[in-house]
Amino acid sequence: SSSAPSGTSTSASPLSISAPLSGQLGDKSFMDSANDGLTRAAKELGVKVKVVQAGADDAPAWERNLTEASSSGNYGLIVTGGTVVASTLKKVAKQFPNQKYLIFDSPSVGKNVTGISYAQNEGAFLVGALSALITDNPATFPRATGSKKIGVAGGMDIPVIRDFIVGFEQGAKAVDPNVTVDVRFINDFASAQKGYDVATAQFKDGADVVYQVAGAAGLGVLQAAEDSGRYAIGTDSDQNGIHPDSTPASAIKSVGNTVYNGIKSFQAGTLKFGTTIPGDIANSGVGIAFNDKLVPKDIQDKVDALRKQVVDGTIKVKSAL
Amino acid sequence: MSALGDFLSLALSSMIPILVTAIGGMFAERARATNIALDGTMLISALGAIIVGAATGNPWLGLLAGVISGIAYAAILAFAAFVLRCDLLIAGIAANLLATGVTLLVVQNVLKSTGTYAPANVPLIPRVSLGFIGKIPVIGPALSDQSALFYVVVVVTILGALVLNRTRFGVHVKAVGESEEAAEAAGLKPILTRTVTLLISGAAAGIGGTYLSLSSVASFNSDLTGGLGFIAFAAVIFGRATPLGTILASVLFGIATAASIQLQGSGVIDPQLLHSLPYVATVLALAVQSIRRHRLNRFDVTDTSFLPAIIPRG
Amino acid sequence: MDQPLLALKGIVKTFGPMTAVDSVDLEIRAGRIHALLGENGAGKSTLMNCLFGLLRPDSGSIEIEGVAVEVTSPKKALELGIGMVHQHFKLVPSLTVAQNVALGREPHSGPFVKTKEAEATVERLSREYGLDVDPRSRVRSLSVGAQQRVEILRALAQDVRILVLDEPTAVLTPAETERFFEVIKGFAARGLAVILISHHLSEVRRVADEVTVLRQGRRVAHSAIEEVTNTQLAELIIGRAQPIVSEVERGTPGETRLSIDGLDVRDGRGLEIVHAVSFTVRAGEIVGVLGIAGNGQTEMVEAITGLRRPASGSVVINGIETAGEHTGLVRRAGLGHVPEDRNGRGLAGYWSVQDNISIGYLDTPEVGGRLTSRARMGALARRLMIDFDVRANSPQQQARRLSGGNAQKMVLARELSRKPDVVVCAEPTRGLDIAATAAVRSRLVEARDLGAAVLLVSSEIDEVTQIADRVLVISSGRIVAEFDDHRPTEAEVGRAMLGGHE
Amino acid sequence: MTEPQDSETATAARSFPGLVATARRVVPLGLFQSMVAIVLGIVICFVIMLFATADPLVAFQAFTLGTFRNAYSIGSMIAIASILAVTAFASTVAFRAGAFNIGTEGQLVLGGLTAAIIAEKLPGPGGLVQVIALLGAMAAGALWIAIPTVLRVRYRTNEILTTLMANYIAADLALFLVNQYFRDKGSGAVETPPLDESRWLLQILPPSAANIGVVVALVLAGVLWLWFDRTRAGKRAEVSGLQPAFAEYLGIHSVSYLRNSMLISGALAGLGGGLAILGISHAYIDGFSPQYGFLGITVALIGRLRPVGVLVSALLYASLITGATAMQAVSDVPYSLVFVLQGILILLITSQRIGGRRTA
């Protein structure tokens, strides 16, 4: 095959980055968020970035694109991401030991790979706690009925989504052990209509709050809360503005920032390969964004108290992974 | 009792896009112009609907655009089949691929939106609250607050049944599908009839597509249909391309989908397996149906043939 | 002489390299019945399809009352007052009689069909012309004769001036034929021009006023019917002196090869359609089963040949009980079968002649063995094509491109050349011309003389009375008469066939 | 236009409803016609690129020739082509027997899963385990089509529908099984643990994915050619699919050919899954199949259900896929254009009008 590239970027020519992704942009989640980070890096750090998309269900294409970029030898750093691509990258990275890689949403998978992982369960823990507070305080939250029932609408029953759910349930129970969590799956990350139907069913069954972890299908969940007169919680990025009356908060995964920071430290020569950068509550890799209009200060404080307990290790959030 | 009503409400709303698309597909199937590009057509018209709906601020214009883009897309299929003379099935497969590509291209390069196009503040097709009818047990919760498209679909369905069984066009469709030669000898133009049925299926899929992108949530991406078009196609075949059969098949799908959502709440069965419920139900119902028919015909051991395009023999 | 109502001038129609119709002229007058004769493949149907707009002629013109017209489609033909009853019915099985008759011209208010009105039209016409059908029944459930009547009604329903009847009597019973001729004489009397295609000279003589003969796509004769004799016509049709049909000797029967005992058969709907039929066929004899179509013959043959499981009774071939067994076993027991449904069962239209012949030989050393050889299959096909006078361009020609007679000879070649002990053939000459019919019949006699037991199931009286050694008459699924000691006359069997109907 | 013999067939169908086979007949295209179609298709692609990108020449060159620019892409192309050929053979076997098995995707997914599990769990020498895993994949594929087969053969249940539904069920079932029992606990994705290298099919052009699966495809093509064109049983199977009523009349047990062909079809689809797992993705990964099964249907039809035709169309289709990869790497042509181009090419290549005779 082709000659192995040199991994060292000389400061003479600008750094070139290739980003073969394991899906298409537009999931309004980590792909889009990562893309923001990459774009910002291109703008602010003067690097050249080439994003290559692929089908979200086309594993062989991820491998082709990764190998294509690696074997070209034109790129100082290759950025990819999504848990699903980790095993593929592991294979490829071994073949090109001199190429450097940055993978987000996964631990490092090789000596020449830096991983960035997110503790999505911790973010979910916080919104779980908030949800329990909402259903317990119908006086403060006029759309709640006090049914002590909350729900999660997951995209598919896959490990990452389970990780969200575990954290969410733990957070809710931490506030009130009597709250029940109604977990349902849309079996689809794309169809907002299906998300709407599933969430509507949950609301009709009494849920006061539904937390969406369903990509684009989650837009349907948010809309269902608006139409059913209840609450929904957004995911990954701040979705509070879409339906400001029914979305009290979003769980945040700041993929863009961490990717940007990763590139920045690579440029500075400080990025450590073979290691994983954790993104958790402690370093704001994950977090919660409140809709101040809906969530009064005292409730926010209660959630924040829990956050501190997670940070200082008093509470250990369970993980499904 | 309200639980039952809620369940029916869910079943109805799951059924809407399937039923209307299937009713259109029924015409094409009946004329032996099998349209397996229903899924792609839904996708194209979902996009057409949301673009126009967002641009004009009028969801009904969106619906119109959805229907028109469905028709236009079906016209492409008809062109491929009857002018380029591609095999209709292959052309259908190609049309489905093309739909994915075209919608992605439009969303990314024209609408400058990454993947999912979800414009803010788009007025949606209204929901109809039924006033006092909503108070009637079971029926009330089932019917009230359905999308206005539900009533459109009901009308389209009745119209479809009427057209197929009562009008000249319906007779012509059946004649063309069953015996092209007989139709030709009677002065009909089979290709024209088939083209029209394809366009009808496009228009109906247009309503189905609009339901997906403009009735509950204004959002679009190229995986939006989640294979609903294929389910509609299945409903056509399952219903043996008759109006009643197609309606029943769509109802079955609606109920099974609703059940797969509602039973998740009980948490006894794995959600993944529950998701298969509509498909398993179809296979079971189909098996029961053919075993019963087999019983009736059990004296006839000679019939080993089958008809790919479904012509009802009853 | 007055102007002809319809004139075809120099019509040419080619299919690829072959010229099916070669500059044919034809003049048709109002009030007359014009017979169009010719062997299978002479181009009769092709010419008529050109007239009816189903085919576009390569050259030539069509004039109606002296005005040149373009018949671009059947619709156009109908508008011009040309109606056609096709050799192969063109009906939609799942629609009702009224829907079929009105197809394309339904009475309507707005988009809706006025079903009542359509049915009334059919009722009126069927009374007027004595064509008895129920407008509400579905065509699928009708007998062939009734389907024929529907075809005619359809042509009549639209004030046609020119009516083309392509072999309309091929599937009719003698009584139906009789009535049918009354009807078309009535048409002529009302001033319609009728074109009648038929292979039965006696019929033609009875109704036609003038005849045109086609041979290999060319017009070879045209005259008033009185001016030609049947012998002359036959010579014109086949292009040479007609072979004298010598009286077929009766065979000398040997041991029993096929014996049927108490056979009951149900049809597709589960109704018993053959009741307690018993008979035997011995080596070296032809047993004819004669009956009007639709009296259970089809199901009986299917039961004997393994295509249908009998409800009860036994079928013994060469001493092996085969009732209810698969066709494979029945064939291995020694059966050769010439099926009634030639194109559906007897051959694969999309296969070559070679494949159609050699598929019957796969288990013989001649082409068989697990691996087949094209060369040996080709050699076999060529040999049998010569032996059985199958005329095709080459062994590679698609079977569906063969004329009816040649297709049937191909089936015979496959079935008889293996010298089966028992031959079952059903309606072996349906739709065949004079020459082909004679050839098929002599093949059957030859097979008998070589020692085969032949069961001939037919609805043609002359066929059975000519070559069968014993005749059984079947009616409503029962054997109602048996002639063992002599060949019955047409009158004798005619009475028996009708007798069963009482 | 009317064809006299056809109408007789139709008459027969009328008097004996359902007796006449209406198996899908695919008309063979001439070589010239195919060439014209491909050239025309490529020209149209270029025209589209003119509008879609700033550097159409670069993109166009990469799309059409990119596959052949280095050993790696050629290898990828071969790897994809061999899977496509195998799944297309699966479709071919079924279609020729008159069974419209459109469930190859589901059979492939379960075949792949089975192969992954066997290869992971079974101890023993690599080569032997690979063979067992592939056999297991075939068994799984055959098993997954067994119910549609029984229903079709015994009760004449429409197999188009049952196999279509079986696809969805298979996807759910695979997800369920992997999640519950076989998941790689160290990964957040739905995937089984990566296979040991001894389980990988021998690679013939490393680092590309090309592997000895291509030999399997070639051998299969040979076997199928022999079977269709040179064996007695193949002849019988053909007539059973083309015209069952004729087959039954000839004493051929058409139903048993139908049954066997469906099972073989399922097994081949399963084999395709096994090859994809052991040869390309080296673990069961959710999404290991970019619709190989469905693409196989298209490839089979484009290849006109002939073994050699299928091989050629598999190569063609695979080079469309790898060409698209190359195109994305060098230009800013949007990913979505690939689908558009594929769709248009399929339409043109299968058109019987383009390059053919004008008349019907």
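Going by the order they are written in, the chains are A, B, C and D; count residues from 1 in each one.
The rule is simple: a contact is a pair of C-beta atoms (placed from the backbone, for glycine too) under 8 Å apart; a residue touches a chain by one contact, two chains touch by 3 or more.
No experiment lies behind these values; they were computed from the predicted model shown.
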{"item": "Path length in steps (a step moves to a chain that is touched) from chain C to chain D", "value": "1"}
{"item": "Chains linked by the largest number of contacting C-beta pairs", "value": "B-D"}
{"item": "Centroid spacing, where centroids are CA-atom means, of chain B and chain C in whole angstrom", "value": "45"}
{"item": "Centre-of-Cα separation between chain C and chain A, whole angstrom", "value": "75"}
{"item": "Whole-Å separation of chain centres (CA-atom averages), chain B against chain D", "value": "27"}
{"item": "For chain A paired with chain D, centre-to-centre distance based on mean C-alpha positions, whole Å", "value": "36"}
{"item": "Residue numbers of chain C (touch at least two other chains)", "value": "54, 86, 88-91, 93, 140, 268, 307"}
{"item": "Interface hub residues of chain A, defined as touching at least two other chains", "value": "24, 157, 187"}
{"item": "Multi-partner residues of chain B (at least 2 other chains)", "value": "104, 108, 179, 181, 184, 222, 270, 272, 275, 302-303, 313"}
{"item": "Pairs of chains found to touch, sorted by chain label", "value": "A-B, A-D, B-C, B-D, C-D"}
{"item": "Interface residues, chain D side, partner chain C - complex", "value": "1-17, 19-20, 25, 226, 230-233, 235-236, 239, 242-243, 245-246, 248-253"}
{"item": "Touch list for chain D against partner chain A, complex", "value": "70-73, 76, 80, 172, 175-176, 179, 183-184, 187-191, 194, 206-209, 276, 280-283, 285-288, 290, 322, 325-326, 328-329, 335"}
{"item": "Footprint of chain A on chain B - complex, ascending", "value": "6, 9-10, 13-14, 17, 104, 107-108, 113-116, 118, 120, 127, 211-213, 215-217, 219, 221-226, 258, 261-262, 264-265, 267, 270-272, 275"}
{"item": "Complex contacts: residues of chain A adjacent to chain D", "value": "1-2, 24, 52-61, 63-65, 67-69, 71-72, 82-88, 90-91, 95, 105-106, 156-160, 163, 187, 321"}
{"item": "Residues of chain C touching chain B in the complex", "value": "52, 54, 73-78, 84, 86, 88-95, 99-100, 103-106, 108, 111-113, 140, 154, 266-270, 302, 307-309, 311"}
